[in-house]
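Structure, as structure tokens:
Chain lettering (A, B, C, D, E and F) follows the sequence in which the chains are written, and residue indices restart at 1 in each chain.
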Amino acid sequence: MEGMGQFFAMGGYAGYVWPAFAIVLVVMAALWFISDRGWRKSEQTLAALRKNRRQRESDAE
Amino acid sequence: MSLHYFANPTRFTRLAGRIQPWAGGLAALLLAVGFYLALIVVPADYQQGDTVRIMFVHVPSAWMAMFCYIFLAVASAVALIWKHPLADLAAKASAPIGAGFTFLALVTGSLWGKPMWGAWWVWDARLTSVLILFFLYLGYMALWQSIEDGQKAAKAAAVLALVGAINVPIIKFSVDWWNTLHQPASVLRMDGPAIHPSMLWPLLIMALAFKVYFVALLLARMRMELNLRRIRALRLAERSS
Amino acid sequence: MAVITRDLHLAVRQGGATFLALVFFLLTVTLFPLGIGPEPAILARVAPGVLWVAALLAAMLSLDRLFQADFEDGSLEQLTLSGLPLGGIVLAKIIAHWLTTGLPLLLAAPILAVLLNMNTEGFAALLLTMLIGTPALSLIGAIGAALTLTVRRGGVLLSLLVLPLYIPVLIFGVSAIDAAVHGLNAKPHVLLLAALTLAAIPLCPWAAAAAVKLSLE
Amino acid sequence: MFQGHDIACDRGERRIFSGLDFQIAPGQALVLRGPNGCGKTSLLRMAATLLKTAAGQLTWDGADIAEDPEEHRARLHYVAHQDAVKSALTVRENIATWSKIRGSADARIDTAMAAFGIAHLADTPAQYLSAGQHRRAALARLIASPATLWLLDEPTVSLDADGTACLQQAIMDHRADKGMVMAATHIELGLDDVEILQLKPQ
Amino acid sequence: MAVITRDLHLAVRQGGATFLALVFFLLTVTLFPLGIGPEPAILARVAPGVLWVAALLAAMLSLDRLFQADFEDGSLEQLTLSGLPLGGIVLAKIIAHWLTTGLPLLLAAPILAVLLNMNTEGFAALLLTMLIGTPALSLIGAIGAALTLTVRRGGVLLSLLVLPLYIPVLIFGVSAIDAAVHGLNAKPHVLLLAALTLAAIPLCPWAAAAAVKLSLE
Amino acid sequence: MFQGHDIACDRGERRIFSGLDFQIAPGQALVLRGPNGCGKTSLLRMAATLLKTAAGQLTWDGADIAEDPEEHRARLHYVAHQDAVKSALTVRENIATWSKIRGSADARIDTAMAAFGIAHLADTPAQYLSAGQHRRAALARLIASPATLWLLDEPTVSLDADGTACLQQAIMDHRADKGMVMAATHIELGLDDVEILQLKPQ
């Protein structure tokens, strides 16, 4: 336990070291999440639009 | 296999789809290793104590901030000169990633600066030029946003990206040109790295992890942009019919 | 060239840009002692920075109208159709811009420097850096003005795009003066500034012309 | 001979028209007609090299105008909705600026003002002109410096009968002089022997 | 009132004024340390002055477009014809102007104060004076904007007319902060500033409306 | 009943016209004609209280409009050359703004756009409109919020045949509804039963 506490204390600089690593993780995860969701959404919209068009084309025939 | 081999968007989508999961996985793995090394294995510095660990996220972020801009500028040049159809998208897709890394460099630098220099922020040349880089990214994205016509926006943004590229050498060499508080380069320099190997390796692993992450994210964003472009075309065709 | 005289003539007639930059410069610099307080030592300390920042802002403000007015009333279109190369027209407009903003600033700077208690060593450096640096402001600014012509958030975007590009000019300009004030060698800073301006002369009109062409489509 | 082959036009990523052909020989006039938004202005802007064609090509005596746009620009006048008349300058100064930029003789300025009946307004700042006087000042440019191809976008807007007659006379003289005219309009221009190009909305 | 929402909507859409003032404020304040140098003591010393001068300039710049854009495209005409009293319309436009420029400045000021090493005593005073003072900037500025509507040298004249009127705001604002920073009594300065703003509320819209009516003739 | 008695007009310290009389009864239309610069726009601006009369007076049902200009303004629409269409806003937003300021019902906005054939452009930013579409957007204001007196300055400029027909229909409906119209124009508006006021240059 002693070791763990020491580890988390970061030699008294816990207030600087941990936030630094945390923000890196948060920003990287957020960027990834936003991009991934944007991509998925765009795939869905595209598929829907294409289906729409195919339908209309077959209607027209 | 010329530059134009990947100009075909469908081929690109297929290839990107294949690479992306691997790149994502590798980035996650390298990041995990890097974090482990940086937080646990590496000993505290005798001068800086445990704050030195911030280096392992700060320095790769700062490198990526500059790297992304170089990438963006090169992609813009390719788009303007060779009219490569994917170059626009690559440039557009890399801007938010670059902005993210620049933001990280600023924040982690601040978090390091407080214990080291006793201030969150000082107005020295290196710090300020990174701040300016951040503004440049924002301006670039805002320009894309504010021009409706996609093709026009691409060209305008490319011109801006190229003009803004002068900022990169300024950031790189600002510490040499002005006497500042900030560390001069100790890894990326002409006469080889001046840093202890026990620190160098984790740093390089972290840097590699960031690079691979960039690739994975770039591919995802490019596919998204490509889809968005197709969606626009379909919508417009629909509206006019 | 006819375009330069036209722009100058218009500037004199409308007044707009010409005096605006100058008046803005004068007012900004005079406001500072009011805001900061009258102590000569502090004023002298901040003088080069205040002068250069005010010059930057003044130049940036007048940029807004560099192409905008001509764009809105169709004159820019007519200019491109005049058969002259677009790069040349843009350069002419940049020169006119410098003559109506940069030059007046240059002439006003010494008076203001006296008001701000700047020492005589800094004087020559101030004039020299402004002479070399203000053309760069007009040149770089033209790109921003051209890029934001059709853009909705024109004004904001213009500042956001242009100011980052202006910062090197500011930094070299101020460092040269500071060096001179403290009796150090100002030459490297001045040379860097000159290199910047020289690089901007061929590049900026070209980039601005490309942007103008885009917004006329 | 000014020709268009199979021209297509995109605005805002939308196809406005396509497969359009036209030709204008020296001394001829082509009138563009069609409902609002069918692309008349867009076609004129293409002819003035201000807009890129989405497909097809425009040729002058057989040579593609996109190859040397500067040369093409030097031989045309484009009078648009936005009439490039500066309100701070007087009528004479406005006309003089443009003829100076185009390098034509000063003597023509007075002829031009007389041709459009605005000689008495020569020293009036453009700010104080009525709508029709403003338009006449814009049109006077056509006479003040010579150019082979006139591209006119709704030139008679705001003109009274007398102003329209001035314009007709100017066009007649220009055509007699082997000039070419391409005009978009919704109302009758009162020109004889013109070809009409009807644009259809897609 | 519909006019306020319209102006706000337009501001958001065009971005123009809203962000311009804010971006200008941010960039100006960022430029200063670059020009002056990084020493925290000096920065802290000049901070209130720099912040207030930057706010003044930012407010003044956005004034130019307060009536101008609406005047040029005929909207101002239509607004006066809308059947609402002109004074009310002008007041609505002033409120919209404050919401899009004064308020953002107010919100951004604390962040910048930290960056400039301003001490915490000055903080409350800075916010209070900006809250009281910025409406006065919009109110006074409206008169200038209306007076210079049809004037050829609009921009210059505007600055010349408005800045002298702004100087009392600047002086009271800065003195209040300085007093607070040095632990003195800031109250008299704040009260004077408040008196100024209160006097401007009825006077300025009326004067500006008269000026607008003149320029529409 | 809207009347003018012995009106005179000064522009730039010059007398443009004087001794002018006119009257418009509910359901009537008055068309102003005359050469460029004879003062049609000036007269319309006087009727809109935007310009002061140099002599004479304008009355509404016998009361001088100068006495309560706000009241007079609330009952009129003035469509001028400068058409107050904001390029950053969409067509619908443009019309909606004005009807909100005038406090009229939102439902009329769609009617108005349909009446001028621009319903399909509702969400297009005005920046991307052709000249005729722009003008239609400006005219749609007439329908979007009701007003008794319409002052129209060259309303058909840039309109195609269909657009002109829309305007004619709108004017007919308005007149049937006891509205009044005062329009300046150089070309035939195609209205029946109108009075014509011929202005002569002095």
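Criterion: a contact is a pair of C-beta atoms (placed from the backbone, for glycine too) under 8 Å apart; a residue touches a chain by one contact, two chains touch by 3 or more.
In this text the structure is predicted, and so the values were computed from the model without any measurement.
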Chain pair with the higher count of C-beta pairs in contact (B-C, B-E): B-C
Homomeric contact chain C-chain E: same or different residue positions, threshold half: same
Inter-chain centre distance, chain E versus chain F - centres from mean C-alpha coordinates, in Å: 37
Separation of chain A from chain C, taking each centre as the mean of its C-alpha atoms, in whole Å: 43
Computed distance of Cα centres, chain E from chain C, in Å: 24
Where chain B and chain D are represented by their mean Cα positions, the distance between them in whole Å: 50
Residue numbers of chain B (touch at least two other chains): 128, 146, 148
Residue list for chain F, restricted to those that touch at least two other chains: 81, 88, 128
Chain C, residues touching no fewer than two other chains: 13-14, 150, 152-153, 157, 160, 163, 167, 171, 217
Touching residues (chain side chain B, partner chain E) in the complex: 119-124, 128, 131, 146
Parts of chain D lying in touch with chain C, wherever the complex brings them together: 48-52, 70-71, 73-78, 80-86, 88-89, 93, 97-98, 100-103
Contact footprint of chain B on chain E as seen in their complex: 15, 30, 33-34, 37-38, 40, 43, 114-115, 117
Chain E contact footprint on chain C (complex, rising order): 13-20, 23-24, 27-28, 31-32, 34-37, 42, 45-46, 48-50, 52-53, 56-57, 61, 152-157, 159-160, 163, 167, 170-171, 174, 178
In the complex with chain B, residue positions of chain A that touch it: 7, 10-13, 16-17, 19-21, 23-24, 27-28, 31-32, 35-36, 38-39, 42-43, 45-46, 49-50, 52-53
